[in-house]
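Shared between the two complexes below is chain A, which has chain B as its partner in the first and chain C in the second.
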Partner chain A sequence: MKTNDVILQFTAKIVFFIIFLFSIHIFMAGHYTPGGGFVGGLLTASAIVLLILAFDLKTVQTGFNINYRLLVATGLLLAVGTASFPMFVGEPFFTHFYDYFELPFFGNTSLHTAMLFDAGVYLVVVGVTLTIIQSIGEDE
Partner chain B sequence: MNNNVVLLPILIPFLTAIILMFAPKKIIFQRTVSLLGLLVALGVSISLMMTVQQEGPQTLTFGSWPVPFGITMVSDMVSVLLVTTTLLLTIFIVWYSFSSIGKEREQFYYYAGIMFIITGINGAFTTGDIFNLFVFFEVFLMSSYLLIVLGGEKKQLQGSIHYLLINIISSGLFVITVAFLYSVVGTLSMADIAQKVATLEQPAILTTIAVLFLIVFGLKAAIFPLFFWLPRAYAAAPTPVLALFGALLTKVGVYAIMRTYTLIFIHDQSFTHELLMILGIGTILFGCIGALAYFDVTKIIIYNIVIAVGIILIGVSQMNTAGVEGAMYYIVHDMLIKAALFMLGGTIIALTGTANLRKMGGLMKRYPVFGWTYLVAAFSLAGIPPLSGFIGKLLIVQGGFEANNPWMSIVILLSSLVVLLSVIRIFIYAFWGEEQPATISISQTTYQRQLLPTIVLVAITVAYGVGAEAIAPYMADAGETLLNPAIYINAVTGGE
Partner chain C sequence: MKETILLLAVALFFVAIALSVYRIVKGPSMPDRAIALDTIAVNLISSIAIVSVLLSTKAFLDAILILGILSFIGTISFSKYIERGVLIERKRND
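So, the complex of A and B:
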């Protein structure tokens, strides 16, 4: 018997964006409030898992045509790159830099290279979580 | 003070692993990039070794933080020697893998796994922070889980479950022990811990923590009575992976014991170091029993790892110049020769199609070069004078007599006989006797391609033994650093 998931699928589409935006918020706010790359990444992954539950693995794969293993590698590269950049300007590994910038719309904002490292963590967490879920899900 | 080069032997394999992850299916790319990465890292670490020799220990504290607050990486002579040896022998294992591991594994992150394992091991050798040591332990353990299970044969799955369980338990214990230590001294930087411990006048809780660390690292290093998981787990791995594990993984545990027992827990030696020595003797005895009991090539060499761990730990437990220097000579020798022996053993198994000694014979007629290479490696393992195992054992035995532990030295000398007997038995059964009509499972070219890296590695161990004079200053430096914690502490804190 094939069930009709129209309510689940419709809700999932809307809730996905709410969770995704919340995960971005958590990620961005990590420097001053609880949160950061790890939680943000898990939330993003769980938003995608919600879509997988509502639809199926194939549909979601056509939707997000991402190779999650490459995502892990990219995240690692970003993290290592941020951490090793100071070595080229004569500072010890993992030295971070920050400054205040006048941005349109946001106003006076402090930007910190720790955020780039966090972005790396975020990508790795999303990539690893979805690689695990995909490989177990695809397994016959 | 801060010298970024300290980090490069860790960063280069890490970066190589990331690059390898981008194209897992392209075998040529995988092979060239991994070999290239290792060669560059080896070059850097040799030049680092020269720097350490001339200018003393090099340190780097992450993120420009002042010393006890940031994570410090310390390259003193001990760690830089081990890092260089690790990179050197990994090159040969990777080279050997080309002709022995098989396309399917190569296409599924095999080389990336090796690079991550090297990242973790070099990190564990270099770090100066006890919790960071835990993190690097996990880095190489996770990669070793991948390597031991990669391929998914039944044997591998059975072995890896033992391996996984025991390592998860010991890692849990590691965290608990670090928590105890942190609640006593309130710091995680090893140099800072050593300073604080010296002012505490050794309360009983510190001796307890010392023994807990011995249990944790002893589980990783396979000392008596915690070695029970090792033979079954290691026998499951394919040859190049086994060579990597046998040469490196237990040595990281040994190094961790060496470091903590010469830097931090040095104030109650009559208990802690005595215990270490007794466990070392037990390790040797049980290793000897295992090495004699089996008729299986892999098992015999695996039990030889256990014996070597015992010998190195006994050397450290003497806490005199001869013992500690001997332990340094022996650990480097043992890493190289174990890798070579496992590679040779793997080729024997590939040629005869069996690991059972009773079913093989007569390889000498067809493969004379191979036979002589094996014989040199076997003599070298037992410690016959011009070869590499000699000087380390000699110094450890001398250290035992100097520290008034003659029995211990006699145990080591007798164990050498057992080691010699166990590896010569492989030689006699596999190379002498009637030629067996065994199914030869590899072609002549594969055999030659497996033999070449092995011969070069054995030649390096011979050079290590014959040229012991050339590396003597490095070893003396390493021994001095281990015996005088002040050198390490001053290098990290800048003499404050």
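So, the complex of A and C:
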């Protein structure tokens, strides 16, 4: 029997972008409000899981074409690199820097290197969650 | 006065959640249980909203949105498992 779940697939296509934008918001707002790299990464992973549920594993893999193990390695490298960068300029390990910048669209913005560490956490959480789900879904 | 009304609303939501738990335990078929779980998630979202009014904080609004997203994905995966018997298809065969 040929199954037809057009409502589920159309809903998943729209809701994916809503969840993804909300996860970006949670990740960016983590410095001043609840949220951060871990919750943002889990939300991004759940958005991709929604696409995997609505479509199949092969379609999502050809759509994204990301090796999630490389994503984990990139996140760990970013976190360790951010943490060890101050040792090269004569500061202790894990010293963070911040300054105020005049950005063209956002105005006077405070940029902090803790955000780079958080981006590493985000990539590791996305990679680990999707590696687990993909390797469970692939075996028969 | 306002706090009494809000506490009463939370208590009534707990009653609704307890009735849904009875449906999960007793429910004759699996779709009954899936819908009861979805109802529990909706009632929990409302309870979180009322608690955040009680504590007069805005910190729980993200939790409300995340719980809505997770209950949506959970209900979809439950219903797909009940209907197809498989959650993640490797390749669509049509």
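Convention: the second predicted complex is superposed on the first by the 140 of 140 C-alpha atoms of A that agree within 3 Å, B and C clash if a C-alpha of one lies under 4 Å from a C-alpha of the other, contacts with A are read in each partner's own complex, and residues count from 1 in each chain.
The working rule: a residue touches a chain if its C-beta (ideal position, glycine included) is under 8 Å from a C-beta of that chain, and two chains touch if they have at least 3 such contacts.
Please read these numbers as outputs of a predicted model, since none were measured by experiment.
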Simultaneous placement of chain C and chain B on chain A, clash or fit: fit
Superposed model, chain A: greater residue contact from chain B or chain C: C
Contacts of A:His96 with chain B and chain C, given as first, second, both or neither: first
Computed vertex angle (chain A) for partners chain B and chain C, CA, steps of 10°: 100
Which of chain B and chain C A:Leu8 touches, first, second, both or neither: second
First, second, both or neither for A:Gly137, with chain B first and chain C second: second
Touching partner for A:Val72 - first (chain B), second (chain C), both, neither: first
Which superposed partner A:Val39 touches (first chain B, second chain C, both, neither): second
Contacts of A:Leu57 with chain B and chain C, given as first, second, both or neither: second
Which of chain B and chain C A:Met87 touches, first, second, both or neither: first
Which of chain B and chain C A:Val124 touches, first, second, both or neither: neither
Where chain B and chain C come nearest after superposition, their Cα distance in Å: 23
Chain A-facing residues of chain C, complex: 59, 62-63, 65-66, 69-70, 72-73, 76-77, 80, 84, 87-92, 94
Residues of chain A touching chain C in the complex: 2-3, 8, 15, 19, 22, 26, 33-35, 39, 43, 46, 49-50, 52-59, 133, 136-138
Of chain B, residues touching chain A in the complex: 2, 4, 7, 11, 14-15, 18, 21-22, 24, 60-64
Chain B-facing residues of chain A, complex: 69-70, 72-73, 76-77, 80, 84, 87, 91-96
